[in-house]
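Per-chain numbering from 1; labels A, B, C, D, E and F assigned in written order.
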Amino acid sequence: MTLVMVRAVIREDKLMDVLTALVSHGFTGATVYRAQGMGGEGGVVSIRGSARPVLIPRTVVEVVTDEKRAEEVTKIIMSAAKTGEVGDGRIFVIPMSAAIRIRTGEFLSE
Amino acid sequence: MQVDQTSTIWLAVGGILVFIMIPAIGMLEAGLVRRVNVINAMSKGLMAFAVFLPAWFAVFPLYYHGVLSDGFYPTGEGVGVPMYVYGFFIGAFGAVTLALIGAGAPERLKFGGWLIFSLFFSLVQWPLVSSWIWGGGFLSNLGRLLGLGDFGVLDFAGGTVVHAYAGLAGFIITLLLGPSLRRTRLLTNGGLSPLIYKEHIEYKYAELQYAILGTILLYFGWFGFNGMSTVTVSEQSQYSIGNTAIAGSLAGAITALLSRIHEKTWNPVAIMAGLLGGLVMITPLAGFVDIWASYVVGVLAGLVSYYGMKFMERYYFIDDPVGSLPVHGFNGILGSALVPVLAKPGLAPFAGLIYGGSPAWLGVQLLGMAIALSFVVATTYVVTLLLVKAGFRATTEEELVGLDVVDHGVERP
Amino acid sequence: MQVDQTSTIWLAVGGILVFIMIPAIGMLEAGLVRRVNVINAMSKGLMAFAVFLPAWFAVFPLYYHGVLSDGFYPTGEGVGVPMYVYGFFIGAFGAVTLALIGAGAPERLKFGGWLIFSLFFSLVQWPLVSSWIWGGGFLSNLGRLLGLGDFGVLDFAGGTVVHAYAGLAGFIITLLLGPSLRRTRLLTNGGLSPLIYKEHIEYKYAELQYAILGTILLYFGWFGFNGMSTVTVSEQSQYSIGNTAIAGSLAGAITALLSRIHEKTWNPVAIMAGLLGGLVMITPLAGFVDIWASYVVGVLAGLVSYYGMKFMERYYFIDDPVGSLPVHGFNGILGSALVPVLAKPGLAPFAGLIYGGSPAWLGVQLLGMAIALSFVVATTYVVTLLLVKAGFRATTEEELVGLDVVDHGVERP
Amino acid sequence: MTLVMVRAVIREDKLMDVLTALVSHGFTGATVYRAQGMGGEGGVVSIRGSARPVLIPRTVVEVVTDEKRAEEVTKIIMSAAKTGEVGDGRIFVIPMSAAIRIRTGEFLSE
Amino acid sequence: MTLVMVRAVIREDKLMDVLTALVSHGFTGATVYRAQGMGGEGGVVSIRGSARPVLIPRTVVEVVTDEKRAEEVTKIIMSAAKTGEVGDGRIFVIPMSAAIRIRTGEFLSE
Amino acid sequence: MQVDQTSTIWLAVGGILVFIMIPAIGMLEAGLVRRVNVINAMSKGLMAFAVFLPAWFAVFPLYYHGVLSDGFYPTGEGVGVPMYVYGFFIGAFGAVTLALIGAGAPERLKFGGWLIFSLFFSLVQWPLVSSWIWGGGFLSNLGRLLGLGDFGVLDFAGGTVVHAYAGLAGFIITLLLGPSLRRTRLLTNGGLSPLIYKEHIEYKYAELQYAILGTILLYFGWFGFNGMSTVTVSEQSQYSIGNTAIAGSLAGAITALLSRIHEKTWNPVAIMAGLLGGLVMITPLAGFVDIWASYVVGVLAGLVSYYGMKFMERYYFIDDPVGSLPVHGFNGILGSALVPVLAKPGLAPFAGLIYGGSPAWLGVQLLGMAIALSFVVATTYVVTLLLVKAGFRATTEEELVGLDVVDHGVERP
């Protein structure tokens, strides 16, 4: 089975909602990063004539899952992270070639 | 004239304690603003005394000649406190007032503009207003001027001269600067667009610990502020100190409780607002009232501080994240108004209403406060308007990026 | 009675210095606990005085009538310190004790429960126990009561009344709360499962700087704590101050060296434990012993603090990350026990053993300490048990998430 | 030669061990991120009735290498990061299409 | 159209330059991470005989774009991030299988 | 002899205020060094008193017998300050000096080596040099020894004994340690290779807030440092306090302005350098000069501090991120040299040049300063050389990883 990495750039204060939604659907694994985002209109201001991008606090949630369940993960994240306002973020899906559990060395397929 | 050694120690130590409150206000502000304005807040704390003190030492003898004689502040017959020790003590109160105003209007006034206001404040506004009440000026004689007896405006340690003053001046400035982006959008019911979200999220008290440190240093210094405003070491000193210890603490306990009741959490910001609000309200009263009165004040200040802050939060056009208007303004005004009510004969020169004192005093006190504070409001309004006209209001862009970068070139990771 | 001005300044300034120690203990705790409990620790520091002081000012005249007369604390013939200045000075010690107990039982007691304990402590436990020794109570007359001469329990600035008290009370609470998750697993030889690993890794002293700041403010305040416990300014003052300067410093140097020897690193936590441990051990002795004795105490306290902490670390069921039991408990007890040994005639009312004093004093001292501390342990036990029963022990889940979120709604990024 | 990105989510205190092991095997390049992880059982607690995920401090080590050496890298990381306890982490392998050295503009193949 | 993720590991103080350059070429979206890097010679020191890698502060800029514009993005980043000194960093290009805008649920193709 | 109570309070409180400056210097350093040396900087602040005070109390009576008599520091006829109170006050200045030297040579001297230097400093170097000027030693009698009249080296509160001393000693150490990696590469025109880039980027003042906190505590303590160096409470006290308030503040305002002019930003590091530089320059003068002189000194110190720092930055081989040489060295020397120029008769024992005083005093003052400082430079040079030879210079690797890990085992996330 092929694995993919679902990588969602979300609002910082939606993190707990997203994780809780994932867990309640049986996805108990995820890795979370603090990041900053630039995006859409409004992300650039000009200070003394020169453009300066404004970075907005973001959280990135990374869930590795098999290809078939990727859509489900995407939907869970979308419904939990959505406010309907500009800046809700993006979800990126990246193909992977392997995933290994360090503790056991087993290759994971989900 | 001879040096009164114990009074001189008392006022020197008092001034030193009050001194640390000045930058502590910068710390307090730093803990309550966006992370990108932390260094700006702390820098304002430093500049409050860097600008005020040199100006003050040069001009105060002109404004305060009413209470100085022969190079001394006369505290009794033939003895006194050397003039510049007295000047240092009073001057520290002035710099505290300036720092408080700054904290009441954070994040949107550019540093240069703030320094210009600071100069006006230091050379003219505060020396003048404070001298009316503390320097033998007309408000300290208002009763006689109006033919209402010996009464004058009495303000033990600065309920009006410092706190109501700062609360109102900060409010005027913050009003004229207009709300921050976040507030504006909330005002117009705009949503969480990226930029406003950025502001919103960065108010998450990322460095709340500095506010706590600021509060600690403020309470510590307040024992000099109130405690040593007795000038001489006497029985009165136990009231100025004891009441300070009680009122601030009790008000903090009250707001803690209120936050638990209303927010289901022991909100540290509410606790700090209570501690400081209680200290503010007892300030004009500290040496004039009996110990029991500080319990009344503590409870009152807890209520005023908590509900005052919640009340202000509704008015999005007032952008006062530090709670300067409710904590310093409301409590300072109410505390000052209570002086002619609660003052105990023997401690204060006149008896308060509850001790059968004259209502005339209350009239004189309220009128005097109104005169002083109207002057503060009017002059602050004019100066701020000029500053805004001159372009010292940070642009939306500058506001977003934060004054640390814009004004100080500091970008912390 | 007349106001003794210099004594009043001495105690007022002393009280102010001791005051800053109260929230400083919250800072110290904040630097040594998990990052998710930092705001909780600092909030406990604020509430220690917010709860204690209003309670104390209301009740202390009842407990301390033994040393008050006519609204004064009598310090001599016909002169005295106004009652509420004295009350403020002593009260600050009480709030320090409360803060220390809190720091001795961090991270697992919910805030509401802690405030209930604080009320009991403030209204009953500390006023009672401290009055037995400092308020003219029965322990200060124990020798006479037992027919063993004029001897009473002597505790210069709170080796028993503050530090041993706090060390033991904190220990009882921490014991009844049971160890944290991390400790439990170590206890049962469980491995680094995700949750325990989280606790483990978050103890990495991410914000150790606050502990250093807390230590600085504590040492600073300790000069009021010990230094100004002479009440009057006299030759004794040089011992209370000098001994404090030496013993704390030397003990810190000793623990630094011990950490270098045993851990191959100049461990800052060990240095702080030494500094504070030295200050604790000299506390009951400071004004009673000669300068050389502070060197002995410094070395002893360095050894007790360092090996005491290492010793405690083995007992996983005692979860005391701040080192309250070894630093405050052990040093406080040993220091208090040394009073009848090292006390110098002329400084103390009786001669210590090494100056040919009577062993009866040692007996009285140890018996008195045992009585006071047993009472503290017993009552703390009962109250804590009730609190645990009432559900104020944080659940494993709450503990993991941290009290900042659970109790204060603060989540720092 | 195809490149892959080996992305290991490890315990925070295993970082130096992992890097040292990599270096001693000749892999001198890596990028490191602080992250937080949710995973396995035990990662969710309930606070006042509602589930709340507990995030555990993690470090992510990212090593880009060619496909053939990916297994070696994986093994090095695994042996250095392993404790045998639950929570040792995961290694993800992601295919890449290019790697460029900014300084020189050269396309890297290892 | 296929999407790729262009992931550049750059010097921390080049961030604003890179973002400004991207914006001025019409690329207004990006996600930014703080990271630490080990790389090239000089990244390992020995402390008391044992090797200890030295991690250097880095910033990672992640731009998702379609395959055809990836080269343009790469060039923009390269010219903005380059100093010519060792340690300028790397750009990695990773193929993606999907990108979704959370707010609207639309699949993005650029 | 009788205890002079007000002087004893004055010096005790003064010593306590100076005490807090010692660790505050560690805070200041922590905010200006690389993030990986923060705990090291703060630990040096703690060890400065942990090492100095126990050593000092043991030896100062040997060095300072010239001003002690009968267990007292004689301040007048038949009254005095108890010896160990005086010793505590002076000793705190010594520990400040030691902490300042440490801050002048940060990040490259291993902790063990620093402690060895500290021992030499505490037992020999500072007691000796300071006693020459403050302990009745030969420099205080230099005029008489040279047949140039009663003149001696006068240093009100430590322009030479503390600040010039520390600035020069730190400079020698930093010079002998050699520049840090970053500086070396800048020196040899090396580029931004990974390792040097790491150093470079980590100097971004990630934790500048600690420097601000350090500055606040330093200014606060300086009122004890200068203010209470009058020993007795007298009219002179208003100058020692007033001048301190003015000179530091004004210099800070000046450097703020200069940074705005030259850097287009209100640079907080420049503001702090100004505040501290002004305090340094007024230190030797504070109680000897009239109020107007502090305005002159404030302006001068602002210029010296700002341009001094900019000037030093060019010389890559001097690695002094804290600005110790320009801020403490330059201002300390200039301030001390100004004593025989600005001293006002009545305040100082002799008249300064502008009051028609004798040029001989200036000669004596400069010669005395040269003697004292040469001795400091020479002995510091020898001891540091030995330490470098003994391997206490951190290796490039250790420097890179940072002393927090290398010396203290602390790695903050």
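Quick notes on this structure:
We take it that a contact is a pair of C-beta atoms (placed from the backbone, for glycine too) under 8 Å apart; a residue touches a chain by one contact, two chains touch by 3 or more.
Note that the coordinates shown come from a computational prediction; the quantities given were computed from them, not determined experimentally.
Shared contact partners of chain D and chain F are C, E. Of all chains, the one whose CA centroid is most distant from that of chain E is C. Among the other chains, the CA centroid farthest from that of chain A is the one of F. In terms of their C-alpha centroids, the spacing between chain B and chain E amounts to 49 Å. Centre-to-centre, using mean CA coordinates, chain A is 17 Å away from chain D.
Spacing of chain B relative to chain D, judged by their CA centroids, is 53 angstrom.
Look at where the CA atoms of chain B average out and do the same for chain F: the two points lie 34 Å apart. Of all residues in chain F, those that touch two or more other chains are 6, 9, 13, 213, 413.
Residue positions of chain D touching 2 or more other chains, listed in rising order: 12, 33-34, 37, 39-40, 43, 52, 55, 57, 83-87, 94-95. Partner chain A is touched in their complex by these residues of chain E: 3, 5, 16, 19-20, 23-24, 28-34, 64, 94-103, 105, 108. Contact residues of chain C toward chain B in the complex are 3, 5-6, 8-9, 12-13, 15-16, 19-20, 23-24, 26-27, 30, 38-39, 42-43, 45-47, 49-54, 57-58, 71, 82-85, 87-88, 91, 111-112, 115, 210, 213, 407-413. Residues 11-13, 37, 39-40, 42-43, 45-47, 52, 54-57, 83-87 of chain E are the ones touching chain F in the complex. Within the complex, the chain A residues that touch chain E are 4, 8-10, 33-41, 43-44, 50-53, 55, 58, 60, 74, 77-78, 81-95.
Residues of chain F touching chain B in their complex: 6, 9-10, 13, 17, 204-209, 212-213, 215-216, 219-220, 223-224, 227, 233-235, 237-239, 241-242, 245-246, 249-250, 252-253, 256, 260, 263, 265-268, 271-272, 274-275, 291, 295, 298.
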